[in-house]
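Down below are the structures I want you to see.
Same chain, two partners: subunit A is paired with subunit B first, then with subunit C.
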Partner chain A sequence: MNLPRAHANPLIGLSSTLLALAVSLLATVVLLVVFGSHPLSALMSFFVGPFSSPLAWGNTLNQSSLLVLTGLAASVAFGAGAFNLGGEGQVYLGGLAALAAALFLPPVWGALGILAALVSGMVAGAGLGAVSGALKARWQADELITTFLLSASVVPVVDSLITSPLFGAAGSFLITSRKIPQEFWLPGLLAPSNLHWGALLALPLAVIFGVLVNSTPWGYRLRLLGRNRAFAQYTGLSMASYSLLPLGLSGALHGLAGALGVLGTQHALVQGFSSGWGWNGIAVALIARTNPWAVVPAALLFTFLDQASRMVVLQGQFPFQLSALFQAAILFFITAQIVRRRS
Partner chain B sequence: MNLPFDLFTPLLLAALGALFSERAGLLNIALEGQMLGGAFTAILVQQLTGNLALTVLAVTSFGALSSLVLAWGTLKLKADPFIAALGLNLLVPALTGWVSFLLFGNLGVIRLATNVAPRWEGIPVTFLLALALAGLAHFVLFHTSWGLRLRSAGASEHLMASRSLGTRGIKTAALVISGVLGAVGGAVLALNLGAWVQGVSAGKGWIALVALYLGLRKPLPLLLAVALLAWTEQLSGALQAIPELPGGLLLGLPSLITVVVFVITSAAGRPHRKSARVTSR
Partner chain C sequence: MAPNSPAVLASLVRLSKTFADNGVRAVDEVSLELQAGEVLALLGENGAGKTTLMALLAGLEVPDSGEVVLASGQPPSLKAGIALVQQHPPFAPELTLWEHAVLGLPGRFPGKKAARSLLEASAARWGFALNWDELCRDAGPLALQKATLTAFFLHPLTILILDEPTAALGPAEARSLLASVRAWVRENHACAVFVTHKLHESLEWADRVAVMRAGRLVATTTPADSSLEALSSLLFPRRQRPQVQESLPAPAASLPPVFMAQGTRADFELRGGEILGLTSLRGEGAEELEEELTGLADLPEGRLFLAGTDVTTASIAALRRLGLSYVPSDRMGRGSSPYSALASNVIPYQVTRLAPGGILRSHSVRGYFRELAKRFSLQGEPGQRLVTLSGGNIQKLIVAREMDHGPKVLILAEPSWGLDLEARRELYRLIRQAARAGSAILILSSEPQELLEVCTRVGVLREGRLQGIRLVEHWTSELLGRELLGVVN
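On to the complex of A and B.
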């Protein structure tokens, strides 16, 4: 496997990442200038837009907190040498579980109810991820394929459950569930943006995972597994639990992101609300070279660029999803060895 | 019962594409994007020119070009083949949306006025061609020296290196074949439908990868695998006509069945993905 990881010389790793980012950014800006209707004002809103108001700031921070979670999720799996391509479904299912908890638990539970809803989101996501881990441990079914396909089969099911009598709002024509009771809303920060207190969870989680992966024996074994599976096996590592664990943890983080989206931002489950979070998490994890410490700055940077492209499109200065193009370019170049190692 | 030609042919073409790439040791995850791109190119060129030969040419070029980009990224720039391919899979839907918007002013559906998919005695010609291609793939991979070199490149890079044989050329060729087959598969899918719809490939590029393993990575068992997967997809489509059954569950059914099938073949100990992951440095 050829994933980017901490290089013996950190400067080479960093410069390679920065170069990949620069190439992707350049490609985006060139498109903006060539095809945008007003290149100059488009460039202005691209680079200044995300900082232009507390609203824009808050939304950027909120979105990046979610990306920290999905980025950590992807990097935990990558670090252990596993591909989790099922983030999309795991986030969505986590959102559904949190919705179910918030709709059916008695509202008087208050903060405890919020906690229960977040935990059910995590459990749902972890369950979906762990299934792939178990399939790998028991039957050697490649997780690259099972995570993707399981997620692909979950998404339409959640789509249809949202509008079912169980969760849907009677007489509403929107593709969304009922609103959850206000007791379960995560309190907002920096109104009128959609930033909320739950977003602050991302920072301690990044620290916890940073310590776990980089500074504990458990994390060492996980990284060993990612570097050289055969060698890890010879050292006596239990392959069963180390297939289950990274994918389960990864799923739990995805599920938490989905739950936070429901309790903090949407206060309902809107169809497709989390579309792209899983893929973007993979991009963030790769920018961070799968190191949990680097996930926070990577998520901030990624969100800034993503919001910037959205703003340009929103103001009609570019006719299509510029952000998808930027994301594609990042994924394409981020693992490339543009800076040659001297050998 | 109506035979699922419309599902069988695109899936078989894409699965044959997956076969070439996997045998060369560079499993092509970008098939999903290449099918989607092929479908879009086919409807676009057919709509603009009305010339089937030009359409075939355009679709083939798209498949080859997208594969060359992927080969450049993975073989020259040494990017991870799966991650770079994911990038391609994200790029294609964005590009189709953009081009469709530029040319037709909408992101939605393009419908062809006439059905151009030729038939012979009621059987789609593309179906017969795809069957012939499966036979050809078997011959090329297992009965030519080029096929032996391709399989050797996939089985052991060290062996090739020890014989002073490079693998970049042959891997590029395998990727190009793979991309062309995937794009043509997508084109057949869209031309059978007579229309372009956003996301028309709907995961078929991934199902093709499962068909590859279910088909034991050999062209002839692959036919059976593709037939089984096409039939299950048709079944779930037929079940959706029954109003008592929940629609969402059925939409998820093809992926779910595919996972189950994939796990069974994995458990039966078929040869595993030999691609780049093994060559960790």
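On to the complex of A and C.
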């Protein structure tokens, strides 16, 4: 399995990433100019649109904070050589657990209830990740397969629970759960955008994980595991606990992202609300070469591209698929670069 | 030569090959002619260069100098009629045997039915009964080897090379395979070369026997002019034992053994300051023993004691805490992280110490590397990636890491594989130094000569069992060679 490797010389790694980004931006501009009926205004709305109003850049920041979390989640797992492809399900299950806590805890708990709901989300995500870790520790089941399959089977279960009497709104035909009590809403920032106080968690978490992974004995062992599993085992690492740990942590971060989506943005669990967060987190982790420090700029960049292409699409000049096309261009150049280095 | 001297199918002319990654001259000026209608056996110790020579003949490796001249004038390749059947043919586990066999067949894919009937006809000629619908994953090495061989015969072949073809076979199967090979050679005026370390096999089935040692062809003879005895001393010549520079003081017998195996296939007692060497031919149990003694695999029988503690079922971490250090034969796969920095490769047992307050400080990591580098004269900068070092320097780094914390027991497996003379000398000096410092040392090596140079006691593993340990003074390389091959007077 090909993993992006952090280069021994970080400057070389950084410059080649920047080069890949420059090339993909150039490709985007070319697409805009060639296919746009008004190239100049398309370029304007692409590059300026995401920052044009508090609404626009509040939403950009909110979305990138979630991508920081799922990007960290993927980075932690990938860096330790564990392929967590179950982000989607872990986010969704985390959202469900947070919803359950917020619906059934007494509203008077206030901030404590918020904390409890966030922790529930993390525990649920971690639990789902840890199941794959345990399967790997016990039966050497490939986590690439098990995380994906577990996630794929969790999604429809959560879908059906949302509208069940337990969580659903009576008599509603919307595919959403009941609203959670206002006491448990994360306070908004920059109204009318989606940004909320919970988004501020992303930055300190990135710093904490950056330090943990890059500068602690524990992070050293995780990186060793990612670089050469047989060597890690030879030095005496317990393969069982180090199978559980990265997947559990990764699941916890995914779960937290789901919980924040419920408490901060939707205030309910809307079916499919987190669709794509897990996969985009993987893209962010790849751009960041699994280094937690680089996840923040990678997430900002990825969100900017996403929002920018939406802006262009909203202008009506381009088909809806354009946004995906731009992201594909970026991923293409980043991964092409990895392949070249490996060969 | 007889007046009607047989046609030469291929001439190897002064072939040489040095591997860039470790600087070892695997094949050194070898010239040899392969004649139509003959079966040639190629004998040699592990690492003598047999496999490399055969890869050169088959066109799978390119020689640094010299050439392979075929009677047809073509460059050597499968297309030119030369096939090499590896000891462990590579395969795709999910393919059936017939799919495996038709992979890489020249021309258009013949279709399942046609392919099957071709294969079955070819297999019948060889007397192979194969279930062609079996998955490669389930087939086992023997069936795979047979399927691979069968597939090669769909090509027009003139030279067939078999690398250790009978290693996995029982005596009856080995006979039938070699008999078929000989019949095919005679019938088609072709040539077959088989690489082996079984002397009696080469005497029984070959028309000529070639012996390689340290990359050179040292003799070609015929079974009629040779014997088990003669071949054995060609393989393991009587050599002057090199003077051991500094002799090690014998450990007091009253000292309790620090490392001990009881009731296993290879029982031993090892005291501090001793260097015990165990040697075996490839595939005779040394690989398994390496993993069993170091906690990577379970001991099938018996018990293992380290520093007075029963460690039969102990984890690797527990073994290391008790003072076991280990230099594995697989340096890049198991003994290091090739794409990590040198500093990352030396600190796994030091990380907690280097991280006061839980934060690993890069200046203390670099400082530790520099200090270790100074003491063991290691090459490179702390941030340099390990793969950029030569094989000898990588091995020295691993040995330094394993010796640094003054191990009670140090196990080294194939410690000098791929090292040049200078690097070996340095390695042996380090091993003696560790023994003098009180470590008990166990070396597993397929090179008997090196054990005679560095060990205080030596034993032979044959067919997975230890055949008895003697003081090094009581061995000669000739005796060791006979014990290895199981040649009894």
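The rule is simple: the second predicted complex is superposed on the first by the 330 of 343 C-alpha atoms of A that agree within 3 Å, B and C clash if a C-alpha of one lies under 4 Å from a C-alpha of the other, contacts with A are read in each partner's own complex, and residues count from 1 in each chain.
Heads up, the rule we're going with is that contacts are C-beta pairs under 8 Å (C-beta built on N, C-alpha and C of every residue); 3 or more make two chains touch, one makes a residue touch a chain.
Given the structure is predicted, the values throughout are model-derived calculations rather than measurements.
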item	value
Superposed partners subunit B and subunit C on subunit A - clash or fit	clash
Partner chain in contact with A:Phe332 - subunit B first, subunit C second, else both or neither	first
Which of subunit B and subunit C A:Leu144 touches, first, second, both or neither	first
Which superposed partner A:Leu237 touches (first subunit B, second subunit C, both, neither)	second
Touching partner for A:Ser53 - first (subunit B), second (subunit C), both, neither	neither
Partner chain in contact with A:Val211 - subunit B first, subunit C second, else both or neither	second
Residues of subunit A touched, compared between subunit B and subunit C (which is higher)	B
First (subunit B), second (subunit C), both or neither touched by A:Ser160	first
Touched partner set for A:Arg221, first subunit B, second subunit C, both or neither	second
Common ground on subunit A, meaning residues reached by subunit C in one complex and by subunit B in the other	227-228
Residues on subunit C engaged by subunit A in the complex (per definition of touch)	296, 315-317, 319-321, 326, 328, 330, 333-341, 344, 347-349, 351-352, 354-355, 358-362, 383-385
In the complex, subunit B residues that touch subunit A	29, 73, 77-84, 86-88, 90-91, 93-95, 97-98, 101-102, 107, 203, 206, 209-210, 246-249, 251-256, 258-259, 262-263, 266-267, 269, 272-273, 276-277, 280-281
Subunit C-facing residues of subunit A, complex	5, 8-9, 211, 215-217, 219-221, 223-224, 227-228, 230-231, 233-238
Complex contact set, residues of subunit A against subunit B	1-3, 81, 83, 85, 135, 138-142, 144-146, 148-150, 152-161, 164, 227-229, 279, 282, 286, 319-321, 324-325, 327-338
